[in-house]
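Multiple structures are listed underneath, in structure tokens.
Paired with chain B in one complex and with chain C in the other, chain A is shared by the two complexes that follow.
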Partner chain A sequence: MNRRTVRNWALGLWMLIVIWAAFFYAPAAQGFKGESARIVFFHVPQAWVAVLAFCVNLIASLRYMRTRDPLDDARAATAARLGLIFSILATVTGSLFARVMWGSFWNWDPREVSIAILLLVYAAYFALREAIPDDERRASLSASYAVLAFVTMPFLIFVVPRIYWSLHPDTIINTRGSLDMESRMFQTLMGSLAGFTWLFFWLYSLDVRLARVKIARQAREGE
Partner chain B sequence: MPAAESLVWVAAVTAVIWAGVFSYCLALDRRVRRLEDGE
Partner chain C sequence: MRRSSLASETAAVLAKELRSELRSRVALNAVGLFALTTLIAVAYQIGPYRIHEQDRPHLLAALLWIILFFAALSGLARVFVKEEDAHTAKTLRLAARPLAVFGGKLLFNLLLLLALECCIVPLYLALMGYAVIGVWGLVAVLVTGSLALATTSTLVAAIISRASGSGTLFAVLTVPIALPLLVVLIQGTRAAAASAAFAAVLPALQAIVSLAGVQLVASLYLFPVVWHE
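Here is the complex of A and B:
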């Protein structure tokens, strides 16, 4: 068994421990209906990974502008795709929590509206990519669009929800800059954040390796 | 259904979802490795 296989199976086991901790180790949160707050152990890491993915998308897009390397374009597209998937997952888990806590899947809360706009912004990135058949033109236009799209991300995720009153609990992100959380809940959340970040980099590396093979094949066929 | 029992069910469903995601990633990893070896 090589090192990569061991690392992959370690993640599998790690996430099973996180799932056990989320349901049986962490206590039920105070001030929430029933066990609904346990979804935070999955919802927050998914939102975090989405933000991380959009940051990677920005870095790869800026790199592409400098290098014009098709692999950097593939890196940017992969990061955006994963960012979009994790944003959708964060929206779904958030809606489930909203249904239990506030009685409706959608409440037009500033955070809900912000993530919906962010989803549209990054969905447009893929619409743009699909609309341009020429590889180089597609890569350079989508790199420029990615830089513009990223500008909206901190504004929508971090600024808007703080300007307006929100239904969201402020135990994790608040103006006091502190984590108001019981220690076992905090440990579980940190474990989950680490696991989801690990999963993101695994998926990202798989897709980039696949793109590398594809690009090498295209280059050989072009010769 | 008692709260403790339903929590076990939700945990089991979450574990099954994770098993699915993990199996998909492992299969993709094997496929990528095969393609890389074929290059």
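Here is the complex of A and C:
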């Protein structure tokens, strides 16, 4: 087995341990209906990866503006695609939790609105890419839009949820700067965060490798 | 020397935009009539008496900004789309530096928004029976909000002018970016309506000015990339 195969198996094993820990190692949280709070071990890492993907998209977009390398554009698009998928997953898991806790899938909570706007931003990014047939122009204009969209993100993630009263449970590190979580739950959550981050970079590297092959083939065909 | 040259080029682009708009009045008609039609529809269907007293502060502030925001979306993209349609963008690239073009177009969009607000806001207050206690607070929210909205929409207009299907794309790209601003603008308008103290709108003003600031800096950095693409 080569190193890549070992890493892939290790990721699979790690995610299995995270799933086991989420259901059997971590205790049930107090103040929540039944076992509903266990969804935090999947919902929070998915939301974190959605934001991480947005950051990777920004870095790749800025790199593209400097280098004009089509691979950087592919990196930005891949990060945005994965960000969109993880945003949808975070929205779905959040809605399931809302249904159990508050009786409705959607409550127009500021955090729900924030993730919905994040989804719209990602969708708009792809709408723009689809509307530009020329490769270089598409890369350049979508990179510009990605940077402009990113500067509003701190307002979406940090300002808007704090302007309005929210149903959403306190974030892991709350406004008082303290950690309100039982140690086994915290260990499981950290393990899940690491696992989902690893999963994101694995998916990202697969897609970027594929894009590299496509770009090389296009270059060969162009010669 | 360089600064005055940039300022004069910006003023020239703004003057060209104003002359061109006063000649055709396309953006003025689109924005003004859209806002007026929406306002009449809202006033006719809802009016001053069909909203419960406890819902009035939030609903009236939200409706005002929905009218202004979507009216703005109908006309702000024109500054760049018309250059591509008329094939004058290349000449403009040769005639002025990118920052002057962006500055001129941004100022034009800002003036268009302020003109729209001068006409629509008093009408809205009268037709909807919306009593605003903090008038100067509302003026500050309207002016800073217009600057933030004009900044975002001017750069997005430059982006979509180079894409196909630019009319629909403008709304698709602008709405997600402008939504946080819209939330804060509604918050600020609500605060201005409820209190005469300028301090009541300060938290919203800080958020609006911060948003306008970061978007302006990002736009100044990004516009040369978009313009020379």
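As a working rule, the second predicted complex is superposed on the first by the 221 of 223 C-alpha atoms of A that agree within 3 Å, B and C clash if a C-alpha of one lies under 4 Å from a C-alpha of the other, contacts with A are read in each partner's own complex, and residues count from 1 in each chain.
Methods note: a contact is a pair of C-beta atoms (placed from the backbone, for glycine too) under 8 Å apart; a residue touches a chain by one contact, two chains touch by 3 or more.
Given the structure is predicted, the values throughout are model-derived calculations rather than measurements.
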Q: Scan A:Asn8 for contacts with chain B and chain C and give back first, second, both or neither.
A: first
Q | More chain A residues in contact - chain B or chain C | A | C
(Q) For A:Val51, using the defined touch cut-off, is the partner it touches chain B, chain C, both, or neither? Pick first, second, both or neither. (A) neither
Q) Where does A:Ile19 make contact in the superposed view: on chain B (first), on chain C (second), on both, or on neither? A) first
**Q.** Intersection of chain A interface sets (partners chain B, chain C)
**A.** none
Q.
Can you tell me which positions in chain B touch chain A when the two form their complex?
A. 3, 7-8, 10-11, 14-15, 18, 21-22, 25-26, 28-29, 32, 35-36, 39
Q: Within their complex, state which residues of chain A touch chain C.
A: 65, 113, 117, 120-121, 123-124, 127-128, 131-133, 136-137, 140-141, 143-145, 147-149, 151-152, 155-156, 159-160, 163
Q. For chain C, which residues count as touching chain A in their complex?
A. 152, 155-156, 159-160, 162-166, 169, 172-173, 175-177, 179-181, 183-184, 187, 207, 210-211, 214-215, 218-219, 221-222, 225-226, 229
Q.
Please output the residues of chain A touching chain B within their complex, sorted ascending.
A. 4, 8, 11-12, 15-16, 19-20, 22-24, 34-35, 42, 199, 202-203, 206, 209-210, 213, 216-217
